[in-house]
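Just so it is clear, A, B, C and D label the chains in written order, and each chain counts residues from 1 on its own.
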Amino acid sequence: MVILVAYSVWFYPFELAFLAPSHHRGLYLVDVVTDLFFAADILLTFFVAYIDSKTNMIVYDSRRIANRYLSTWFVMDVASTIPYQALYLLFTGRQQVWSCYSLLGLFRFWRLVRVEELFKRLEKNIKFNYFAVRCFRLSCVALFSAHCAACLFFLLAEENHGGKTWIDDFAKYGDETNIWLRYTVAVYWSATTMTTVGYGDLRAENTRERIFITGYMLFNLGLTAYLIGNMTDLVVESARRTMEYRKSIEVASTFVNRNCLPRRLEEQVLAYMSLRFQAERMNQQRFIEELPKSIRRRVCRHLFLPAVQQVYLFKDVSIGTLTSLVSKLRAEYMPPREEVILRKEGPDEVYIIVSGEVEIVSSTTTGGESRLDGELIRSLESLSSGDMFGEAAALCCTPQRFTFRTKVLSQLLRLKTAMLLEAMRINHHDSVTIINNFLRVSITIYISYSANPV
Amino acid sequence: MVILVAYSVWFYPFELAFLAPSHHRGLYLVDVVTDLFFAADILLTFFVAYIDSKTNMIVYDSRRIANRYLSTWFVMDVASTIPYQALYLLFTGRQQVWSCYSLLGLFRFWRLVRVEELFKRLEKNIKFNYFAVRCFRLSCVALFSAHCAACLFFLLAEENHGGKTWIDDFAKYGDETNIWLRYTVAVYWSATTMTTVGYGDLRAENTRERIFITGYMLFNLGLTAYLIGNMTDLVVESARRTMEYRKSIEVASTFVNRNCLPRRLEEQVLAYMSLRFQAERMNQQRFIEELPKSIRRRVCRHLFLPAVQQVYLFKDVSIGTLTSLVSKLRAEYMPPREEVILRKEGPDEVYIIVSGEVEIVSSTTTGGESRLDGELIRSLESLSSGDMFGEAAALCCTPQRFTFRTKVLSQLLRLKTAMLLEAMRINHHDSVTIINNFLRVSITIYISYSANPV
Amino acid sequence: MVILVAYSVWFYPFELAFLAPSHHRGLYLVDVVTDLFFAADILLTFFVAYIDSKTNMIVYDSRRIANRYLSTWFVMDVASTIPYQALYLLFTGRQQVWSCYSLLGLFRFWRLVRVEELFKRLEKNIKFNYFAVRCFRLSCVALFSAHCAACLFFLLAEENHGGKTWIDDFAKYGDETNIWLRYTVAVYWSATTMTTVGYGDLRAENTRERIFITGYMLFNLGLTAYLIGNMTDLVVESARRTMEYRKSIEVASTFVNRNCLPRRLEEQVLAYMSLRFQAERMNQQRFIEELPKSIRRRVCRHLFLPAVQQVYLFKDVSIGTLTSLVSKLRAEYMPPREEVILRKEGPDEVYIIVSGEVEIVSSTTTGGESRLDGELIRSLESLSSGDMFGEAAALCCTPQRFTFRTKVLSQLLRLKTAMLLEAMRINHHDSVTIINNFLRVSITIYISYSANPV
Amino acid sequence: MVILVAYSVWFYPFELAFLAPSHHRGLYLVDVVTDLFFAADILLTFFVAYIDSKTNMIVYDSRRIANRYLSTWFVMDVASTIPYQALYLLFTGRQQVWSCYSLLGLFRFWRLVRVEELFKRLEKNIKFNYFAVRCFRLSCVALFSAHCAACLFFLLAEENHGGKTWIDDFAKYGDETNIWLRYTVAVYWSATTMTTVGYGDLRAENTRERIFITGYMLFNLGLTAYLIGNMTDLVVESARRTMEYRKSIEVASTFVNRNCLPRRLEEQVLAYMSLRFQAERMNQQRFIEELPKSIRRRVCRHLFLPAVQQVYLFKDVSIGTLTSLVSKLRAEYMPPREEVILRKEGPDEVYIIVSGEVEIVSSTTTGGESRLDGELIRSLESLSSGDMFGEAAALCCTPQRFTFRTKVLSQLLRLKTAMLLEAMRINHHDSVTIINNFLRVSITIYISYSANPV
């Protein structure tokens, strides 16, 4: 459909300006066929449901559809479809009175509204790159106006019988009857003027041409401004992310330099800022929280339930309890060597490892400042995907006994201890299962630790 | 008034440059008549109240009006109204000393201030499209400066008696006395230069012309930048919404793809994001909350009272109680298949359906993962406009027994249970009416349910 | 100082390109004098304190000043001050080797750094209009580069002995020795190229000129983009406010239309939105709260103490108590016919009228919907500047008995009742005074009301 | 590597257009050598680890690396490396069929992807100025397209044997075989057209040239818009800070003028606003709070521990207690003459002075309004770096007895009293040390005050 529109709108000025009336006769058929297509489209519109802008409902009632269409675009659609030229020929048999025909033919430009609509839909479709779609649209606008101006300018010279026209300069380019050559010259002039290059080899020679060119140039001033405005919008948008990244790094860098932080700390700060910016894209939590309750619940179940079911603590726990727990989890990305839980912290949170590795460290504060951070850090053990940590302190209501630190970039699920206890309080049976799971495992671990105390 | 200004400002340079002194005499009358109009306007200004910028009050006191006017624009207004030309002619009878007249005539450009004011008012008037008004304004600025430059450039050639001027090139265009032809050529040159096309067929031939053109070109550099700046501003503004839409959809799409969500969930997420963006415009709650108390109360009463009066629960309740309830309602749009109330939720909120449909569903968790979401959903009954739900749990202080889910896009009024109980506590008589209404209906319903238990 | 810089930088390329060596001799004196001025400035810099960028302290220590200067700009400043030309003349007595001199003279452009600094300071000075300063700066940049290009281009032609140059076209303009004429032509060419008009009457004729012009054109591409970028920035900034106004009104208008609000309500809503936008500028509260404690206290005392001292309730109250009260007041602008206190509201706030009028109204709810809002409103009395309202309910701890509504735009001071009671609790003596003031007045009023009950 | 890319991409069109086949033979060697380098690079890519975009992990597995490379850029990289020309020569020995070679040579432009990547990395590197990098990038794009267009345009004329070409105009410039001269002319034309100057001395003479120029001009329209868009983005970004500064000062200035504040107060308000804007950059607290727990703790220890250890109160306190205190400190910059603690305030906070000076003042409220602020202020003593204040009230739980005011811009560390007491509660031994320290010093001070009471 859009191709037909493009053809008819693009070809119409060309036909008018460059083709001799003798050529037209053959084209009438093509014109009439395209017009028939458009007529069919008008009929179809009466049977297509539309979305009411007030209530956002789809309207199927054919009477309301007809009413709406008749009161809005119907008249213009019909006016742009009538084959004036063919009718005129049919009734009078003559072909001389072009001016009237060309005026009525302008109704065909009404069809551009459809192209406009197509572009709007393309812009909203995320399958297509936004930058590309808008650039393509702007190119079409620029090319189409250059084309129209070229045709009109040639028409102006054609109709000026006798007087000096810009075609006189063009005469020297040889064969005047070659349509292709003529069109090339006209478009060359049109592009030269539109881009404001203005070589000056083709220029206005009489008053009518001067007026036309003056108008075209002023129109181009607006068009160029419009193109630049659009491009600026796109560039600003595409550069925004890099700029934000630079800013956040610059703040960190300024901070580090002003305070003369030691080299190792400096690296940590910069690495953290850099990672935070990258992980932002990976951080889905904010998006999940925007979803409505019912969808959120389903998404959480899909994402986290498999990971939670693997955890030893929730072995044999009923699916109902897990489902309600799952919707309270928060997914987080942690950079490498980040301390998730600090020793002596309160048991506020429990973590499940989805991916990555976490190590248990026991930090011993030294008296002197022997090491940079004044602490001897001993790595005890490392946990990986499917493990849980922090639950010992949470279930026993004691401060954390160890520091837990990520070894690599890890995705963790955080669960507030209060939520866990609340879920256990509601379902007594699952509560017993959880405690049993915990005791069975912890006894094994505690035995091994007491044999090898920290 | 603005038309008069436009006429006088537009015509003045034209008159100066193109019309021979012999033509002027006839125009004196027209000039004097327009000047009289402006003089009348000056008198009128003394009787028009103004708004004081400090206190935002309207000042009617004629003395203060006069003081303000005399100390600000009065002198310029008078200077731009005196018909220097006519006076000069009256006193001396000669017409030769044009330079003085043309200098004094420049005061007329002062009248442009009024056009500027008109445009500012148009820009603030939401009946006119912002884009259109600003484009029109920019076009006027561009056309007017092209016109002035054309007139000045012609005047420059006219006054250069003897030396070679650009008019020599122009001599070949034929009849030199044709004003229309001359004006066309001058404007053609002016537009060629302004749009930086610069064909080169008309160009500076002597030092004075070179200086003038140099100045004009540098001025145009600024003007073009101004035009582009304005256009960019407008384009950025108009593209903002589409961009926001794309961004929100893209975030959702990325999320869905990274987590490989099942097809049905993916559709739900995307549909929700798309609808949320559209409904944003329909969401009036935020606007209502910005209004001051008294207006808000009246708006709420107008919007919600009819819907609330239809609800069975508030039958025969006094208008006073309803009015106070109504101002505590929050209107919300819910997408289709959204769960408004979940089974086992606390009875925190009560909903009234303004439009759309809501179905009562009873979800039964299955043991195995037989269905996608692990739940068998049975639709029990559907509620529509004028119905209320959630009130059973609210009045009995029990958890919700059913899940309520929208079938189509629905507008709901949300009422906090606490607000309802508070309103009932204040007016004892209405409280009894509400309880009676509730019992009468619920008994009927509960009987039918007990006959057909879930 | 800046004038001297402008002179020396502007004149230097002109001197180099257009003046014959014979003219130079006279100018040496002028050059040497300006150089002396700059030398004096270098000496002065050693004694001027500067602000350390790290600690934001002013440094007076002359050794640190010297260190800093020597290690930064000293070398360049000296290099740009040495009068190479005069020295050369002094030592050799010949004037032929210009190329070396012209190269060393480029150091003078270093002085432009000072002009840049001046502009930066101007941009930060709010006494000057931002738009004007930046436009002026951009004009200077454009003019200066056009000037330099013109001089260089002329120099290029001058030095090309024998070969064909663009000066050959120029020869036809007459007297070749007229400096003014030559300069005009060169600047004309320069502006034609910079603004990309490119008439084509003056153009490159040999390879050196082509290279120079190619470079100049590419430089201009960047310069034009820079000009447009700046202008866009300024335009976007200046149009922002109007756009915000339009948006807020449009939201209100859409809301009103969709809900078909009655005409009177529609006007109220639109008037409120419009006023809110204007009053925003008048709303000082937000600014006051940003100030630090000590300044805020002083500002509040200056603004509100006179108004508070007029109020009957605070007659004879000690200045200390008033001062502490005053810093807890919040100033607010209320649109006309806005209900400040509603009947039956809790006594949370007390208001003092600074300007405007407030009327006491007694609203009687009617049974039927006889009037639009279902209420009969009787205006009882009106309060004006210096009056207080809401204090009866506040001191008696009862709900408000009347509705208070503004008649015109009013400035009110709001005081939380809790703050008032707290202040009374602290100073016992003032507390007694306040109660006495209240009783003395209220008895009079209550008597009159009881004689004429509502 | 990038230099090789630049050389090969830059030189390829030049070679094609300007060098006669006889020259090529010598260049084959150079070409083959660069091609070998690129071939080596392809091999290397198989052994370089990459970062997986999904999981953000580095992948070392050589099979996965190979898979990824083969499925993405491998084909293009190989295609751009094959030395078509040399192969062709090797197999056929002829050199005539250039068209095929030139087409295949276009694969070399694929190498530009690497340059693009380099620029992206440069833009993200904060060691380079963002403005400079982007300007350099845009310059490269502009220069490269001008270069390519020049080469193509010349090639077009070269291949048009017989017909009239733009080279006919160029013939008059003399030696046609001079490659340097030819290249200059072509680039001159290219730049003239790209910048839309369009002198018109070089222009299309036949249909092929017209089509080429039309395409080039439309491409340039987009390129120019892209340049301007980028420049606007950069300018807006760089002007943002000055604009914000002006706005905040303007708000303050409007406020001061509307309320006719006394001169001294006006200066204080403006000085405060100005300083606040500068200190914003120095305010590190917000940045510190964004860091994760473990890094924050280390940064705080590095920054504040030395200052805290100097304070008399924390003499001999264990490093563990100080470390935990230090992470609760908040650094603040205070402008001069700012009252940090007001007399009679509650003892909520304790301050440590890092730099600057603080004076203790005793304010006596006078009965009459003798002084501007109604207070006699006596400066008692001044504290400097390493001192602490507010601790007397905090430890004795009484209101502050003095007002503390900064004398110069000071950096203070604020510690909530509750935090201090909490830290003392946890470690009993340190608590005793702190109390002892306090008593020892305060007794000395209190004795001196009682001898000289306020």
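Here is the rule we use: a residue touches a chain if its C-beta (ideal position, glycine included) is under 8 Å from a C-beta of that chain, and two chains touch if they have at least 3 such contacts.
The structure displayed is predicted, hence computed values, not measured ones.
Summarising the inter-chain layout, the chain whose CA centre lies farthest from the centre of chain B is D. Between B-C and the choices B-D, A-D or A-C, the pair with more than half the same contact pairs by residue number is A-D. Overlaying the C-alpha trace of chain A on that of chain B calls for a turn of 90°, given as a multiple of 5.
Although chain B and chain D share one sequence, what matters here is the overlap of their interface residues, and that overlap exceeds half of the numbers used.
With C-D and A-C as the two chain pairs, more C-beta contacts join C-D.
Centre-to-centre separation between chain C and chain D, using Cα means, comes to 26 Å. As a whole-number value, the distance joining the C-alpha centres of chain A and chain C reads 36 Å.
Annotation for chain B: residues 196-200, 224, 228, 230, 232-233, 236, 258, 282 touch two or more other chains.
If you check the complex, the residues on chain D that touch chain A are 55-57, 120, 123-124, 126, 130, 193, 196-200, 203-204, 206-207, 210-211, 213-214, 217-218, 220-222, 224-226, 228-230, 232-233, 236-237, 281, 284, 287, 291-295, 298-299, 301-303, 319-320, 323. Those residues of chain D lying in contact with chain C across their complex are 135, 138-139, 142-143, 146, 173, 180-181, 184-185, 187-188, 191-192, 194-201, 224, 227-228, 230-236, 239, 242-243, 245-246, 249-255, 258-259, 261-262, 265, 268-269, 272, 278-279, 282, 335, 337-339, 342, 355, 365, 367, 369, 373-374, 405, 408-409. Contact residues of chain A toward chain C in the complex are 54, 196, 198-200, 228, 232, 258.
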